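Two complexes, one shared chain (subunit A), two partners (subunit B, subunit C).
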Partner chain A sequence: MQELYHVAPYTGYVYPNETVFPWGVLIVIYPYITGLVAGSFTVSTFYHVFGMKRFEPVARFALLTALSFMIFVPTPLLFHLGHPERALNALWTPHLTSAMAAFGYTAGFYILLLMLETGFIFRQHIVARAQATTGVVRGFYRILAFGSDDVSENALAYDRKWIRALALIGMPGAHILHGYAGFVFGSLKAREWWASDLMPAIFLSSAVISGIALLVLLYVAVAKVRKFALDNECMRGLAYTLFGFLIFTLVLELLEFVNLIYKGREGIETVMALIAGPLALGLNIQLVGSVIPLVVLTVMIWRKTQGTPLVVGLTVSAALIMIAVLAMRWNVVIGGQELSKTMKGLLTYHAPIWGREGIVVAASVFIAPFFVLWALTRLFPPWDAGSQRA
Partner chain B sequence: MKNKTHKTASGRRVFLGKLGKVAVYAGALLGAARGLAKGESSAAGSFPTADYDWTKHRWGYGVDATRCIGCLRCVEACKIENGVSNDAHHFRTWVERYVYLKGEDKPRIDSHSDPQNIAAAGSQGEYRFDNRYKDAEVEKAFFVPKLCNHCEHPSCVQVCPVGATFKTKDGAVLIDHTYCIGCQYCVQACPYGARTFNYEQQVTDKCTWCYHRITKGLQPACVEVCPVNARIFGDLMDPGSAIRKFIRENRVQVLKPETGNAPTCFYIGIDKEVS
Partner chain C sequence: MPKHIVRLIMSLGIVILLVIGSKALFTADSFGVYGHYRANAVPEIASDTPKYKGPDYCQLCHSERHATWSAHRHGKVKCEVCHGPAGEHPATGKLPIPSDTVKLCSTCHEAMPARPAAQPQIVVSQHSGTQACIACHNPHAPRIASSGGSDR
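Then we have the complex of A and B:
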């Protein structure tokens, strides 16, 4: 019996049913992954929609990153469900007042959009591959090229139109997908720590910084492995956007926090005890992981840092932000449940290592997209300057 | 050529006509099926069972906290009647103890699932409050039975992504265990901590007011066993029912009214610290 669930220790008074956490570390990873999708897609739109040339070197890679992570967005949820085989009930018979009922549709629509966008962006390359191969491989590439091997200027212009349109639709798509995740938490009046109107906005802006940070780390790592020089202008662009969105995120988070404290509703003492107690480590990680990058980025932008110092400073900032955003997801998802609904007690969550909802499964769900991304870059080479277009 | 076109057009018309008929029949069948599912068939008065009509009742629950002695027979009866997991973390109903000690302005609160109380009981499958305050100067103390509030506007029903949990016409909030996907969003959304996850069945679980009993004219198990009538149950549609009398003769209140959930469990004798 005991091995089926983990009982959380508590102080004060909590309802008897609260000692088993409904949502564990898998649900921490879920918004983290959707955030990375929304964030990296945003970077690709900087180029594909806003036409910012300096983001060209990473734009196509950013799209592949979004696709790789998007494929795994449903997995933490499926691992979490008591009856994953009934997951599609939410599609066949969606309950329209439930925010969660929108997930299948939004995710399905968005993954389709990402696949189409990828297909159009890499179609020229795919056609070349199809023509250079035979048999099954050729057939496979022909399907990816939407069955057309027309790469005339006319056809490419048509592709470009689709690329722009899909990127344009994808922007609200990505942000709805992730804003929705914020709404799932923010709309619950039962939990004081979650019930904030700012929650979807905070989820979104933190998603953008996590996505930019992930791309910085991947771009630097790939350049090291593939031995190509990092594009200085692109790195500066990433630094600027990271800086801007970081400030926006921190302001929103600060506003939410100050609002909660200032309103001082019933049970505020317990909220303060949560901050000083079970959630202290997570909040400190979030704070340090946000403030150090803010200082580093401010100094670098002030001094117009270039070259290697920029690479080092940006990489360190990006790594810290990745950690800070993960901590933020933990602090929201776990923190909300550590604060008892009685507002008179605190629980402490200890993530199990093994089991369906353990750290090992959650970490695997997070790591798996990197392998898919590697495979996708084999199929659709994003760094190949020859096929760089659109 | 002309003739052929004409023939094709008329063929198409015939086909469309047939299609239309099929659509009408299918629509009628679907409508009938939906009507049946909603209990609105011509055989009204026979839903959800042959001899029970859920449109003729409106159940309500009362808790008289001034009467509760914390004997916990209700918790035991509920677990047995409904096969609730026999441990200290899964309850369809529970009892809270509030104790104000002399010189303290906040109550000390515990329930039978408190480790000290489990130690006193001897196991998680037995229920009792220990005697920890026997040497203390108690200024005020009382027990508060808790259960699902079967809200008029239940947050759990609002958030269920598949509609597995629903409000019945006679006022109960129930779960279809064969349709629940086990996401536990409802567990999060309930402001009262009334929902729990059944790990054997991997679905959410909650109080049903013993729906299988009340639809047969019986009382919920917890009400049946309460030795002091601290738990009151009845039909709000019946002016002579125990619950109507309870509401009429007392100044009742509900838990956490600020949520807007509008519970249909009514309390008397509770204190500001009860939430």
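Then we have the complex of A and C:
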């Protein structure tokens, strides 16, 4: 019966004349993870490119965060498409109209860039480890050091140049990568809920806030576990950045929404039914999760809050923003498909728990980067002051 | 230039060569013969056997059912929409008889905003609750005669 249910309405003659959701929770997680990369990389460039000293305590950790999440960015797509052995076909035979091939190139380039950047920033540490250890560990570090133990002033000067250059190239790289995710949705003109030129910008700015929020949460958590004091200036810097990008995001989202309603193109009744019906919960989560942090951050910035209250306020805001952005991804990805392409009726999405596209897989894909991040901080300690400062 | 930078640049060069080499190696054989696709895909797809046979096929053996069906309201809804694709049926066995009719029928009949008004719609929870639809409706001749009007 279940199979039949799957086939039957699809071949029918009744509106909405589609029932299949090509994109499920996995594709919700996909732009979410990509966004976290863009956000944490942005914080790291504040220090490495713009030289904002207040971000120094988290700059290297931010880079490792970006790397660990970036490694997993393609996984939701591979699970979704289900033919990993064909993943590279789009790259071998690219087409100018293929957004997927463009993604493959950008993502591949960007992973490489993040690895190089990490390698350079931790090179002194890598060389030191290669000298201090033996056996396999030594071999590992020696490969990363390209068999060289040159940490002369001349070599370090070269490293610094590369770090800056890579971060400089990486900035547009990170933002193009995420702008692209928004483009993929925004360019699908058949989907009223997606087809907006603001989509890439919205994806980008919400990516940045989610990435900063993640960094705040991780920074606070690590400080608790490792029992070091949070850097007050760094926390304030994060609060300012979060505040700025949050406003930018909200304005863009509002503009897009008002635009959609005001234009009132064909099918607007269905959009309204979507907002009032299946999407009401998600939109409210998104709204509450953005407005409360906005208020909290405004008050904190106005009152120049410091110390523990700042930590509490910022942590709460960050947690809410993480949830709000996840809800936003859901609202875009699932919401857009809940509108029938004919705009004659709504579809209902039931997220499967098990299975290749189920919640369990999606949650695992989201959680896995945290383990990788933990492993990376073991190999390349971002916190102790002994390693190289860029 | 320090040793590690030289070696890094060399490795990047090797990576680029590897990528170019893999493109030559892994591009599908018949790709690009006619256009931006694999030419072999055309005969492969053409040799697939159709899964859907259409109601005329069913009429050969289930003529009675077909007669009822075609004379009534659901005559627009093809048999295989509710029974699934025939494929090699009957050689491969019976076709399924949908058991959960509430689910089957509500995919088309549950009231929904923006569904065209001409499409018969009910709010299932008010109409019949969890009762099976076929308790009252014949799936092949769904209109209930006592409600007045002809069944066509």
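In the analysis below, the second predicted complex is superposed on the first by the 372 of 390 C-alpha atoms of A that agree within 3 Å, B and C clash if a C-alpha of one lies under 4 Å from a C-alpha of the other, contacts with A are read in each partner's own complex, and residues count from 1 in each chain.
One rule holds for everything that comes next: a residue touches a chain if its C-beta (ideal position, glycine included) is under 8 Å from a C-beta of that chain, and two chains touch if they have at least 3 such contacts.
In this text the structure is predicted, and so the values were computed from the model without any measurement.
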Which superposed partner A:147 touches (first subunit B, second subunit C, both, neither): second
First (subunit B), second (subunit C), both or neither touched by A:16: both
Which of subunit B and subunit C A:312 touches, first, second, both or neither: neither
Subunit B versus subunit C as contact partner of A:273, first or second or both or neither: second
Contacts of A:346 with subunit B and subunit C, given as first, second, both or neither: second
Subunit B versus subunit C as contact partner of A:188, first or second or both or neither: first
Touched partner set for A:255, first subunit B, second subunit C, both or neither: neither
First, second, both or neither for A:83, with subunit B first and subunit C second: first
First, second, both or neither for A:99, with subunit B first and subunit C second: first
Common interface residues of subunit A - those touching subunit B in one complex and subunit C in the other: 1, 4-5, 7, 12-16, 19, 89, 93, 95, 343-344
Parts of subunit A lying in touch with subunit B, wherever the complex brings them together: 1, 4-5, 7, 12-20, 22-23, 77, 80-84, 86-87, 89-90, 93-95, 97-101, 103, 184, 188-191, 266, 337, 341-344
Subunit C residues within the subunit A interface of the complex: 1-5, 7-8, 11, 15, 22-23, 26-28, 31-32, 36, 52, 76-78, 80-85, 96, 98-100, 103-104, 107-108, 112-116, 119
Partner subunit A, residues of subunit B touching it in the complex: 85, 87-91, 94, 96, 109-113, 146, 155, 157-164, 179-185, 187-197, 199-203, 259-260, 275
For the subunit A and subunit C complex, residues of the former touching the latter: 1, 3-5, 7-9, 11-16, 19, 88-89, 91-93, 95, 112, 116, 123, 145-148, 150, 152, 154-155, 158, 162, 267, 269-270, 273, 277, 340, 343-346
